[in-house]
Each structure stands twice: as C-alpha cells, then as structure tokens.
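For reference, chains read A, B and C in written order, and residue numbers begin at 1 within each chain.
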Amino acid sequence: MALLELNDVTKLFGKLAAVEDIDLQVEEGEILGIVGPNGSGKTTLINLISGYYKPTRGDIYFKGRKISGLRPDQIARLGIVRTFQSNVLFEGASVIESMMISSRLQYKTSDWQAFFNTRTYKDEQEKVVGNLLETLQLLDIFNETFRPAAALSHGYQRMLGIAAALAANPSVLMLDEPTTGMNHEEAMFVVENIKKINQQGITVLLIEHNMKVLLGVATRVVVLSFGNKIADGDPYEMMSKPEVIEAYLGTETV
Amino acid sequence: MPPAGIWIDGLVQSCIYMTMAFGMVLVFSILGILNWTHGQFYMLGAFVVYYAVTAAGVPFPLSLLISGVIVGALGMVVEKLVIERLTGPGYGLLAVTAATMALIFFFEGAAGMAFGLMAKGMATTLPGVLDMGSFSISYQKIAVIIFTLVIMVAMYIVLNRTKVGKAIRATAQQPDAASLYGVNVGWVSLIVMGIGCSLAAMAGGIMGPVQSVDPFMGRIPMIMSLLAIVIGGLGSLTGAIVGGIILGLLNSVIAYKISYFSEVALFLLVIVILLIRPQGLFGAAPK
Amino acid sequence: MIIGRYYIDQKSVVPKIVIGAVIALLALVPLFTTSMVTLSTLISSGIWSIAVMGFILILRTGQFSMGQAAFMAIGGYVSAILTVRLGLPYWPSFLAAGVISGIIALGIGLIVLRAGGTSFSIITIAFGEIVRIVALNWDDVTRGASGILTKPPAPITIGNFEINFATNLVPFYYFMFFLVIASALFFWQIDRSRVGGTFRSVAANPVLAEHLGIHLMKYRVIAFTMAGVFTGFAGAYYVTFISVINPLIFDLWKSVQIMMMSIVGGPTLIVGGAIVGSTVLYSLGNYLTQLPVANVQYLVFGAVVVLVLLFLPKGTGLVDLWGKFWRKVFKEPEEYEIPGEFSQEDEE
C-alpha cells in the first residue's frame, strides 16, 4: 500500500476544475516530482494534500487513514508538512527564532510544562535546539543561524523555508517550487539538499515547472496539464513522451 | 406584521447605515483599513449643518453640501497627516487602527469643548408630515430617503462613468497594476477618504432634524454601520448596502417586537449570521 | 522567545536591578505618603494595567479586542452581586469573578474568534454593548442604572494588628500591589515561554503556523480566556476600590482606553508597557478631569495616542523610548537580539 494515496480527487473553483480526477500514489522514500506548466494545478494539489483546500470530490489517504477534511495543523501533526512559495516566514524573526517557532511539533511536553519551565521541558528544549542546529547544518545554512531571516539572500531564505518545514518533523515533505527565481547554481544547491533530506528517510514531493531541475533529483515524475494527470513514470522517459512535449510547447523549453 | 410607521423608521435607519457603511467600505477597498472615526465625521457633519442653518441662515440643502465639503476636506487632512504616515511597509494594522480609534475621542472631545455637551435640536427644519391615509411620514424622513437614493445613484455614476471612479475601481482591484498604468494611488486614497467622509457628514446632516445633534451622536450609527459591513462582508460595496438595509429594518422591527433587550437580540443575530457565514453575506468565500 | 524588534526582551532594555529597585520603591510608597490622591492614582493605574496586560496578550495572537472593559464589568458585577446581594464573603466572590469572567471569555472566544481580524474587533465592540445594555436593563439582578454599592472585604485581624479595607487605603494599595505582581509574573512568564512564541507565530503568519502544526483557534482562545480571567479580577477589585458599579463605569470608552494605554506604553513589553501606559494615561486623565473644561480628557487622550503613534518608531510606545535612552546612557550596542540560551552553542 502506498504511503500517500489520492483517489479521484477533484477541486472545483466555481465551475472551473483546478485539478480533476487525480489518482496518485506516493511510495515511501521516493522523491516524486510533480511537473506541469503554470496553471496546471500543481500548487492546488499541494494545497489539497496539506488541508488548505478541501477536495470537492475524492479522498486522500495517508498510511491508510483518510486525511481529506482534516485541518492543516492536524495533517502536519500526522507528518505531512509543506513549504510555501513566499520567502517571508515570520516577520522580524532571526533564523534560529524561525526554527524554534517551527519546531512546535518536536515537543512532547505540554504547554503547562513549558509555562512552568520544568526540568523535563528544559531537557527536551535542549534536545530540540540540538536537532534544529543539525538541520541547519544539514542544509548548509548553519553560518546564518543568528542573522535576521530577512537579511538572508533569496536562496538561503528558500532553504530556511525548507528547514522550517523539516523542523516540524515530517515523514512526507512537500516542496512548492523551491527553485523559483534562482540561477542554475543556486538551483543545484537546493537539489543537493533535497537529496540529503531524502537520505534521512523523508519522502519528498517536489513541485516544479522546470523539468531540468527534476531530472537530476526525482525518482519518479508525474506530469500535470490543465488539472489532469497526463503522464507518470521515470523522469527520462517522460522527456520523450509526445503528450508531455505538447503540454510544454510554447510555455517552457524542456 | 409591524405597522407601516415601524418599517418607515427602519428604512430611514437603513438609509443612514447604508450611506455610512458604503463610505467605510469604499475607504477599506482602497486603503485596506477601516476608518473607525467614521461616526465622528457623521457627528461633525451634523454640527456643521446645525450651525449653518441656525446661525448663518443657510438653506438646508445647501448647508448639507457645505458640510460634505468641509468634513470631506477634514477627512483628507486626517488621511494625509495620520493614516498615510501609519500605513506602509513595517506597519501592521495595529498602529492605524489604534490611531483612528483614538481620533474618535479626539473629535468627540473637540466637539464637546467647542459646541457643548447639550443636545441641540433642529426639528424646525423641514417641518410637516405627509399624510398617507392610515399612516403619515414626516418630510424630514422623506428627505433622508430621497437623499440616500440620490447619493447612491450619484455614487454609481461616479464609480462607473467617470475617470476618477474608474481609477478608484482599478486601484481597489489591483493597486500595483493601477499604479503601473499611471493611477496615482496616493491621490486615489485621498479622494476616496474625502468622498467617504463627506458621505458620512451629509448623512449626519440629513439626520440632524430627525434626531438631535450632540458630540456623541456618532457612536451608535458607527457601531451599526460596522455591523452592517460585517454582515455584508468586509470589502464588498454591495454587502455594505444590503447589510445596511437589513440592519436598519431589523433594528426597527426587533425594537417594535421586543422593547426590552432589542439591541441585544440584534447583536446576537449578527453573531449568529457570522457563525454561519464568517466571511459575511457577500464576502469572498474562504478557500 | 522573541520575534524581531517589535518584541524586545525586557531584560535587554532594563537591567533586573532597576526593575527590582522600582518594585521595592513602589512597595514602600505608603510609608512616604498617605496622600489620598497619590495612593488612589497608583491603585487605579495598577488595576487598569492588569486589564492592559490582558489586552496585549490577545494582541500577541494578532487579534484586537475592543471589548475588554466588558470583562471588567462582568468581574465587577459578579463580585458585587455575590457579596452585596447574596451576602457571600469577599475573597471567594473575588475568585468567582475571575473564574466566571474567564468562562464567559472562553464561550465568547469559541464563537467570535472564528471570524478573526477586523470582524473580531467589531463583534467585541458589540459584545461590550450587549453587556452594558444587559446591565442597564436587568434590574432584578444588576439594579439597572443606579448600580450596586459594593462592600469592601471584611477586616482581617492578625493578633492585635487589624487590616481594615473600609477605613484605610493602605491595604487596598498592598492588595493591588500583590495582584499586579502576580498578574505581571503570569503574563511575563507566558509571554516569554514557548506558548508566547506560539501566540506570536499565530499573529505573524497564521497560514504558515497552521501548516507547521499549530491549531490557530486553540491558541487564540487560550489568550482570550486568560485575558478574560485576569481582566475579571481587575474589574472585581476596581469596583471594590471605587465602591460602586453601574453600567456607565465600563463602557466602550473604557475598552478603547485600555487599547490606548497599551499603545502609549508600548505593546512590545507585556508588563512594562502595560504598567507605564496605564500609569501615564490614568494620571493624565485624573489631572485633566479636574480642569474646568468639559471633555478635554477625550481630546487629550486621542491626541496623545496619535502623537505617540506618529512620533515614536512604529508603535513601540514609551517603553521603547526608555530603552533607547538606556542604551544611549550606558553605551550598550543596539544589536540584534540573541536569545541567551543559544549563545553557548555558538562556540561549539
């Protein structure tokens, strides 16, 4: 059984279908690339899985449990965490503060223990901060730990977004176009980091409209066009499929 | 079924709430903030009309226009001196909300010091009633209804037919795009604030003969028009109009049915509406 | 935990020793002076500061409550009705005031926080009006417009030393002092704990916070309820101090006054800002009401708030001004705040 399963999921905005009858299985441990031209429903798909939108029809299952209809925070608690396309996390916060805020799900202590600053809470906090620093180290932004997040370069800000999502202890990480607005070098930095994250045993769902980025990293690719799934399989095979080339013609060079 | 007089009273209130709410939403759609001082512009407008009519002997319709101009200009001053300086990058809603709320008391205090705390009547303006057989309507109330119709038609024409109106609507939808096409967003904000405040002032002026004029008269219309906006959906002009009509009529009818806790019933009704539709009747549906 | 310059850590602005000295000085005030005016100004300021702390706590979650005076009214009426009309002893009634106010805040919060934002502010105004109208019209319980004359707590005798609230302001002063310290410790602790950080994340980026596993409604309701409890205590004690409660005491103007106090003091510091703001504005108001000009208090309050907002940087209020002064005098560099507990890890 797949880790994450979408069964005939449809989302309508008025009469317009943003995604239509999508069937999708995400296997544990893979890096699944979801690709398609702008407006093909990629981000809507993430919004549906993360609970930001409720599907109009169809169900979403995670580890055999139905998650469509749950709130985003409940879904995050189950282990599906996403990033956003915007750079700003928490206005005015430094890198480590952003990470601390995002690490809420790593704590097992209750808010009362946190309030009274008990021994158990302090120990746990020490552990969590250690984990957070490790995450920053893993993603090569450790040197920025104490800088205001807003002062980071664009690429580092996107990495911080990913680091914050990792701070929430995901088993499935959904990345929403992590390389937009980056040159090739920066994009490769992100790709390397995605591989590192995947090696930690985290399943990655990677939304991209740049096929080149996906080729280097994805183990499987799903192509969307106008809200429909038109292809599913090995990234290199995708390149040669006529329907994929057609979907991309005029919008993006493959 | 309540008698016709109750419905007429409700309609008169509806007209006022509608005009006030319309101005507030207009300002909200451009500046992105609620002008909490709106009720005090209503009160100042009523005072301008009162003094124009009783002290200077200006005819009532003309004094309405004068109050619209004077208070509209005051609104622009407030926009320029306070609101503009408290909005922009780095400022949350907190600063500007707090400032416009503080201005409520600034203007009430100023009016109290300048004009005294006693309620002033101007019931002799537009005396007489129109006999409709089973019931009668005072000319003052007819004036309110006609005035509101004129204002609404005028606003419709301004927003849809004139260059200024098109600039306003463009800015409301896409501020960035509008500024790229040569619309000066700063000017549009100023004009919209002027229009909104002069609408409030004229509404206060036209209500002057119906009720009495005092420094605190703006509070209830303000709360009611705020509730009208919430019912209608924040940011929707249609919502402001419909919300104003609903609230005015409800207020009057509920007060007729249960005299004791009528406002409480009204407020609870608003809360129930919001529980069912948190975004209001005409608000954009949440995702 | 701190987010950005909006939320300056208290210890970085004012050293602990200065805070301690100020507290000690305030504790000794009744020894220097028995002046009615000084003591009652301080007592009232202290009580209002508790309500202001509650307001700031709600503000931390990004909500702007305009009905806080209504919770003071609820606390005040509960304690007045229990002590005067039902003849219960004072202290249990005082506790009940906070608890009932908190329960009502919980109920109201669960309903109106769903709307959030501007709608929330508007509905809290309506809620304040509901409380006022109910108090005005529910004659059998609240005695309508004439209100209830409250009773002070019964004298406490320890040996041959008697603490009598009825004849002397000093016990009032010290209980206010205790109440403010207790509330301040609570609000300060919650604000700097993980919960406070969560509140801020809910305000700073609700969508992201929700996707990181934070239940927005839960934390908004927690903040609103806690504010409700303490505001209820403040109301109960305030009406005991002024010895009367009627519907006019806690009207919309008082809710706005609470907001104004937080702005003037500076909502960046939940305790410091609340105390500075309420003391400054309350003393100012006290002075202004003695002037022979009607309504000047409204005018000046309005003007002060607008001026503070316009001329102090980005709504950080008077406490930030103090922080600036402190840094200038002691030449402390104005650098980016680093939470203390991480500085050791830096060296690894």
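Rule of thumb we're sticking to: a contact is a pair of C-beta atoms (placed from the backbone, for glycine too) under 8 Å apart; a residue touches a chain by one contact, two chains touch by 3 or more.
Not measured: the values here are computed from a predicted model.
> Among the chains, which has its CA centre at the largest distance from chain B's?
The chain lying farthest from chain B is A.
> When you average C-alpha coordinates per chain, which one falls nearest the overall C-alpha average? Tell me, please.
That would be chain C.
> Measure off the straight-line distance from the CA centroid of chain A to the CA centroid of chain C, and report it in whole Å.
It comes to 42 Å between the two C-alpha centres.
> Provide the C-alpha centroid distance between chain A and chain B, rounded to the nearest whole angstrom.
46
> Measuring from the mean C-alpha position of chain B to the mean C-alpha position of chain C, what distance in angstrom results?
Centre separation, chain B to chain C: 32 Å.
> Got the chain A residues that touch at least 2 other chains?
52
> Considering the complex alone, what residue numbers of chain B touch chain C?
That would be residues 34, 82, 85-86, 90-95, 97-99, 101-113, 116-117, 215, 219, 223, 226-227, 229-230, 234, 260-261, 263-264, 267-268, 270-271, 274-275, 278, 280 of chain B.
> Flag every residue of chain C that touches chain A in the complex, lowest number first.
1-7, 189-190, 193-195, 197-198, 200-201, 204-205, 207-216, 222, 336-339, 341-342, 345-346
> Which residues, counting only chain A, touch chain C once they are in their complex?
Touching chain C: residues 50, 52, 71-74, 76-77, 81-82, 84, 88-94, 96-97, 100-102, 104-105, 107, 111, 114-115, 117, 121, 125, 129, 133, 145-148, 164-165, 167-168 of chain A.
> Which residues of chain C touch chain B once you look at their complex with the stated criterion?
Listed in rising order, the residues are 59, 64, 66, 111-112, 114-116, 118-119, 121-123, 125-127, 129-130, 133-134, 137, 252-253, 256, 259-260, 263, 267, 293-306, 309-310, 314-315.
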